[in-house]
Amino acid sequence: MEFGIRNLGECRHISPLLEKFLSPKSVFVSDSRKVLYNPEFDGGHSPAIDFTHSFELAGPREKIYFDPARVNCGIVTCGGLCPGLNDVIRSIVMQSYYRYGVRSITGIRYGYNGLNPNKAIEPVMLTPQLVRNIHTMGGTMLGSSRGGTEDIGLLVDTLEKWKINILYTIGGDGTLRGAKEIAEVARKRGLDLAVVGIPKTIDNDISFIDRSFGYQTAVAEAVHSIYAAHVEAEGAPNGIGLVKLMGRYSGFIAASTTLAMNDVNFCLIPEVPLKLDAFFSALEDRILRRGHAVICAAEGVGQDLLDNTSNKAARDASNNVVFKDIGVFLKTKINEYFDKKGIEINLKYIDPSYIIRSAPSCPMDAIFCAQLGQYAVHAGMAGKTDIVIGRWNNMFTHVPIELAISQRKFVDINSLFWNNVIEATGQPVSWDTDLTR
Amino acid sequence: MEFGIRNLGECRHISPLLEKFLSPKSVFVSDSRKVLYNPEFDGGHSPAIDFTHSFELAGPREKIYFDPARVNCGIVTCGGLCPGLNDVIRSIVMQSYYRYGVRSITGIRYGYNGLNPNKAIEPVMLTPQLVRNIHTMGGTMLGSSRGGTEDIGLLVDTLEKWKINILYTIGGDGTLRGAKEIAEVARKRGLDLAVVGIPKTIDNDISFIDRSFGYQTAVAEAVHSIYAAHVEAEGAPNGIGLVKLMGRYSGFIAASTTLAMNDVNFCLIPEVPLKLDAFFSALEDRILRRGHAVICAAEGVGQDLLDNTSNKAARDASNNVVFKDIGVFLKTKINEYFDKKGIEINLKYIDPSYIIRSAPSCPMDAIFCAQLGQYAVHAGMAGKTDIVIGRWNNMFTHVPIELAISQRKFVDINSLFWNNVIEATGQPVSWDTDLTR
Amino acid sequence: MEFGIRNLGECRHISPLLEKFLSPKSVFVSDSRKVLYNPEFDGGHSPAIDFTHSFELAGPREKIYFDPARVNCGIVTCGGLCPGLNDVIRSIVMQSYYRYGVRSITGIRYGYNGLNPNKAIEPVMLTPQLVRNIHTMGGTMLGSSRGGTEDIGLLVDTLEKWKINILYTIGGDGTLRGAKEIAEVARKRGLDLAVVGIPKTIDNDISFIDRSFGYQTAVAEAVHSIYAAHVEAEGAPNGIGLVKLMGRYSGFIAASTTLAMNDVNFCLIPEVPLKLDAFFSALEDRILRRGHAVICAAEGVGQDLLDNTSNKAARDASNNVVFKDIGVFLKTKINEYFDKKGIEINLKYIDPSYIIRSAPSCPMDAIFCAQLGQYAVHAGMAGKTDIVIGRWNNMFTHVPIELAISQRKFVDINSLFWNNVIEATGQPVSWDTDLTR
Amino acid sequence: MEFGIRNLGECRHISPLLEKFLSPKSVFVSDSRKVLYNPEFDGGHSPAIDFTHSFELAGPREKIYFDPARVNCGIVTCGGLCPGLNDVIRSIVMQSYYRYGVRSITGIRYGYNGLNPNKAIEPVMLTPQLVRNIHTMGGTMLGSSRGGTEDIGLLVDTLEKWKINILYTIGGDGTLRGAKEIAEVARKRGLDLAVVGIPKTIDNDISFIDRSFGYQTAVAEAVHSIYAAHVEAEGAPNGIGLVKLMGRYSGFIAASTTLAMNDVNFCLIPEVPLKLDAFFSALEDRILRRGHAVICAAEGVGQDLLDNTSNKAARDASNNVVFKDIGVFLKTKINEYFDKKGIEINLKYIDPSYIIRSAPSCPMDAIFCAQLGQYAVHAGMAGKTDIVIGRWNNMFTHVPIELAISQRKFVDINSLFWNNVIEATGQPVSWDTDLTR
């Protein structure tokens, strides 16, 4: 997999930041600065480090590609809501305007659809005045939408028409794939267009990136639902609180929320295949012993159980698989199970997804989003393209889009992290009865 | 309707509170002190006040009926969770123990079922130590359940066996009806049993009572969901945020939350009959004009629309009508409507009920619950029975159970209060197109 | 004391609200509708009600005094910050604009000083667009200041110059006194000026009014400081947490916060004279027995102890007595006391005043403020003057300014309410050792 | 500086964790596994990595030093409160008890003083039952105190008497220095005692460690005070909001809070020497231009300005320099400055320190604290001593105490991070007028 970064061309303009730093030399970053992909080694053997896998460091360049006085920027937010979107938008605008002196920043509305001439969605010109307070609100002031990437050429037509030189795309997998295609079409057309992505995944499931924005806020919000489920479970005879949290392929939110609260008895994540028999049996055991139980299920768990008749999954406009509702499914099946057993239970099902994802960013995400926006602008002004802004070993990095979307990040079920969850819940290591000890 | 209060008998014991007050005379309340039911009058005509409708004031009596050293108390919480249950339990225990010197306080678990000998649910003896911190948690430490009133005699058997003299019942309509029956059976059996209710209705729909505990907390929690719905609605093209809030027969929570937030465009409550055609037409108009909308629906609205085939409604164990889910219904129907019209919308449905009702009490409810518990103990120790503790014109009162459950409190749709909601949302006055202006 | 209301003149204009209500007749309020000052009576004697003391009901009048198309309104906020100020401003603007059709609403900046021509503070024209979201922020968008009432004539000059017909003044004692003087000067000059006050006192100490806005929010915020004081006190050997809360003459915030939290051991309010010897002795006793203590002191307590040399108290620009800092005083004296005794303590002093008063309104205050603003506009448009909007027995009322400021509301230390505090803390009934039992 | 770790002796016991993991081999960590101190390199030159500076990885060892059935553990919390203390205590107890099967865990009360036989402070035996819910509360259930390290021998006497084999010390600089001395004395006496520190510094100023627990919670709490200061500043003519935050030598909390809020105009940290003239001049300029200002000052800033007469600073029982109150100093001096200039200002000073440090941990700190406790137990059971648990490049590490306390971590004022603060506030780069541009 390629870690190298594409540049639009030679950087000929002196950065206007030069005069803003106390010690500019120590702040500017050259393209040759890297951070190792893997800083861990075994000192017992002759230690060997793999230098071929490393990320280019992000940060301001002493010379930049675009002339701030002439460059036109565009910002687009795509896909589902995620805490921090407004923070990133605000940061890009403030950084571009006040530090680089950019005056033309176009806000593209409702995702890629806002670039589709057939949709005729008016863009909004972004100014510091307009974005000053948006970070105190959840959601995205630009609006968002799924899809819109069916005809990339059309989108590039609009970018060309609007003379956009730097496109900041904030979105997930599908969005980044679209961003990559836009960069490619632009290159073929010979356009002077840098495409810089800020990866958005509330699930925290992008590889080669320590942490994605909005994820910490999501965990902080999710604890309220686990609290409610716990209170409800204890408040009724054989009470069961069932919470569905985000996590399509990766259970980081469910696992972290479980660790943060210590009240969950069963944490179900996509990485651990769910066997209903084993799970129901463990649940019954818990109910009989303790009289209540709390279940925290990531939305992506048990998708194989939901429908085994059609072998082609539905997809939404972003080409994401449309997930069937594991929460409603589990609620129904658990009730059926105990009904059959003649055990009266009181199951309360909570689905807080929209409450979570529409929350304003927590302070740590607010800072992180502000930084992501700033590094994105440094990258864009330097003519970096086809990249996303990453974070690795607490440093901000440039990651090729292709690398970023090449594989997902999963919860390693052999890690101490997941083992902590197992210990916190007391649940079996696996639902595969052969493996369970 | 009768406003008079039944007493178990003559009060012969000097209240142990006598020596605890700085000026006891000014604190003790005699049975003859009343507060007018209706303090409003028209000064233009010869003013006339109706003295026959007034409430007995609650408060400590100088002489009490029960001997604190010998009295046995019981506490039971019934029905769905409501913020403040633990506060009331704690207050009854603390007040009984520390102010009256009562040493025997039985916590009956899981509602009236905890009194059913066939269920064999062990009670818990309540002490200050045990309840000291429960008010910081939502829910009820005793557990709750619906129903259990099928055979009142069985329940009274247990009360007799446990020698309970004062039964504090915290619950809604069905619970209070059960409490009344228990009081009657006890009277017939010649038992020395006072039954004192603390009315619990998160919907705030009990008549003859200003405000019920948990209601303010519910509104304070509900605003988070309206916030989320608003952010989601603005974040997508033709976004619609739909929130279902509590309110089976009365829309106080939905109406107050709407007033507190100013972001709702349609507030649907049971008191205003819902006509889908008129509503959808207004919704479409809003979407076409503004591109997004927020709907706040009380759970009891539109029940007539949900099913017109079966003319007998299902009932739960508390004999409450089982409501069909208007939220899911509206979500489906709205999507169908716009689908048929060829208008693409993005509807996000939020059901925060369990998160709301399991919240710990807000500070004002915490104080209110503490007072309700204290006044309940004053009433119980004085041998008042078949009553609930009420609040009227900012004074605490004794209200006969029969009166309290004789009629519901509704949002008056001719009031300024509801008119404020109409103005805040901009919605039509009525869905009946003949009445709408 | 006079309960009668002054009207500017005959109401000749049909209210534009007439066509907005479903049943206007049931919503409009005539001037003859009243609510009793005292709805309590003793049924044992021949009940007698005092009809001479009653409040005129607030609400929309069918005929109004001012022509909405020509009326000019002004809004001013004075004195210290209080949660809900922006809610009231917003409500007055929205109500005036959308319901009555008023188009001229002047926002006077920085209190009465904004009317002083010598200060040359530009006013701001208020529109729905400008105030739409201000209720989500604490503070006041108009700014506030103390004083400015030295020369009332100057202020009326400006009102005359700006052709203001209705002046909405939001402020406390001093502000209302100023409002009264403005109304009088205007009357003498024959100006068509209605002066309508919305009483602002976070201390909740205005008589003839159930509750003042911001007070519930203040209690809700204050609990965080008591929590912190409790944690600090338990976290150190002989830890003492000392919190100073608002309450210049009346201890409602301190008392209510104490009741809401149950962690306070000493609640000190101005209504109970503080004797240091008795207090320190009780505190020492608590420390020796339990190893920690929490003290909640209203700012107005013990002012007599602070300085007995100068017999003339300092006053600020609003002519309020400048309070000496009882918090710092107690911190010093307590440390000295235990130092002298050779007992090592760890005292942590918390002063959360600015954090509390700058908070956005809690949902219940948000609703209350919105209503206050609406009733103020009904009153102003009807030509009521020299009044404040009150609340009594859950109804909104008109109260003559003179009556409202004629006496303060205090915590009745012979009430059950204060007795509850005594019981919650375990502190002595009084610091006067002769009275203590 | 030495990165090597001291072990008490050979590990002969099979870890009881062996049978708890799905794939034990992938979870256990050998002593030879390391993480590089510096994973950054310059790819332009021949890249060279310094393997001599690396941290030993923390984690469970396959063989352990202590026999779980016989080992006696002790936990002590020292110094000021910090969010997460209870989380760490709980985690150590749960991990020791449930995963390693340890049954003897002594809670030492009130810091090192709890080990001083002369103080006669009874310890408390810790069990899962006792600590189950403590993580929901701020503070430390063990109590804390400063100092107590005057006679290390006495403390070791007690440890010896109580037969403690692993001492977990949670505290800051002074505490860790004490821990180091305890380890040394124990070694000289030939005791089988492992001393494992969990570094506690709300200021986040420990070197060789990415992040310290409680720091994120502190920032999350601090934003409320900045909010209040901002509202107060805007609410009065020439309003100035002044907030003092924690940060004795390092301004991380002040800087991060400034970045998270975007409302601060002057962020004053110890790393940037404060010159009053330059600062007041910039403040005056801001006030004249904008009419309000918000100042966020770390407690350690400007200490040189407070007192230049005595050249020996006072020290508290932990041998920390007692800081003079820069907040009160600035409040006084700013008022004096503007008074002299004849400019009327309204300065509101907020000191939220105790409210911040007594808060319960935020979810991310809750998880982090739980992990710190777990890794500490892994280390202790493996016989690691004289170390603290660190975190580096998102991995948990063993750091020699001596290294951890050898130097402080400061805000690098030449970094992008600090530059972001400069840009967010608009303040000068430096108060040294020669350097300012």
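Letters A, B, C and D name the chains as they come in the text, with residue numbers starting at 1 for each one.
Rule of thumb we're sticking to: a residue touches a chain if its C-beta (ideal position, glycine included) is under 8 Å from a C-beta of that chain, and two chains touch if they have at least 3 such contacts.
Every value quoted in this text rests on a predicted model; they were computed, and no experiment measured them.
K.L.:
Show me the overlap between the contact partners of subunit A and those of subunit D.
P.N.:
none
K.L.:
Would you mind pulling out the distance in Å between where the CA atoms of subunit B average out and where those of subunit D do?
P.N.:
Measuring from centre to centre gives 47 Å for this pair.
K.L.:
Using CA atom averages as chain centres, what separation in Å is found between subunit A and subunit B?
P.N.:
42
K.L.:
Mark out which residues of subunit B touch at least two other chains, giving numbers and ranges.
P.N.:
Touching at least two other chains: none.
K.L.:
Based on which chains are in contact, what kind of graph results: line, ring, star, complete or other?
P.N.:
Here the contact pattern is a ring, one closed loop where every chain has two partners.
K.L.:
Once bound in the complex, which stretches of subunit A touch subunit B?
P.N.:
81, 110, 113, 121, 137-140, 143-145, 224-225, 227-229, 231-232, 234-237, 239, 241, 346, 348-352, 354-355, 358-359
K.L.:
In the complex formed with subunit D, which residues of subunit A make contact?
P.N.:
Interface residues on subunit A, with respect to subunit D: 19-23, 26-27, 30, 32-36, 39-45, 47, 49, 51, 54, 57, 59-60, 98-99, 135, 210, 216, 219-220, 223, 256-257, 259-262, 362-364, 366-367, 370-371, 374, 393-395, 413-416, 419-420, 423, 429-430, 435, 437.
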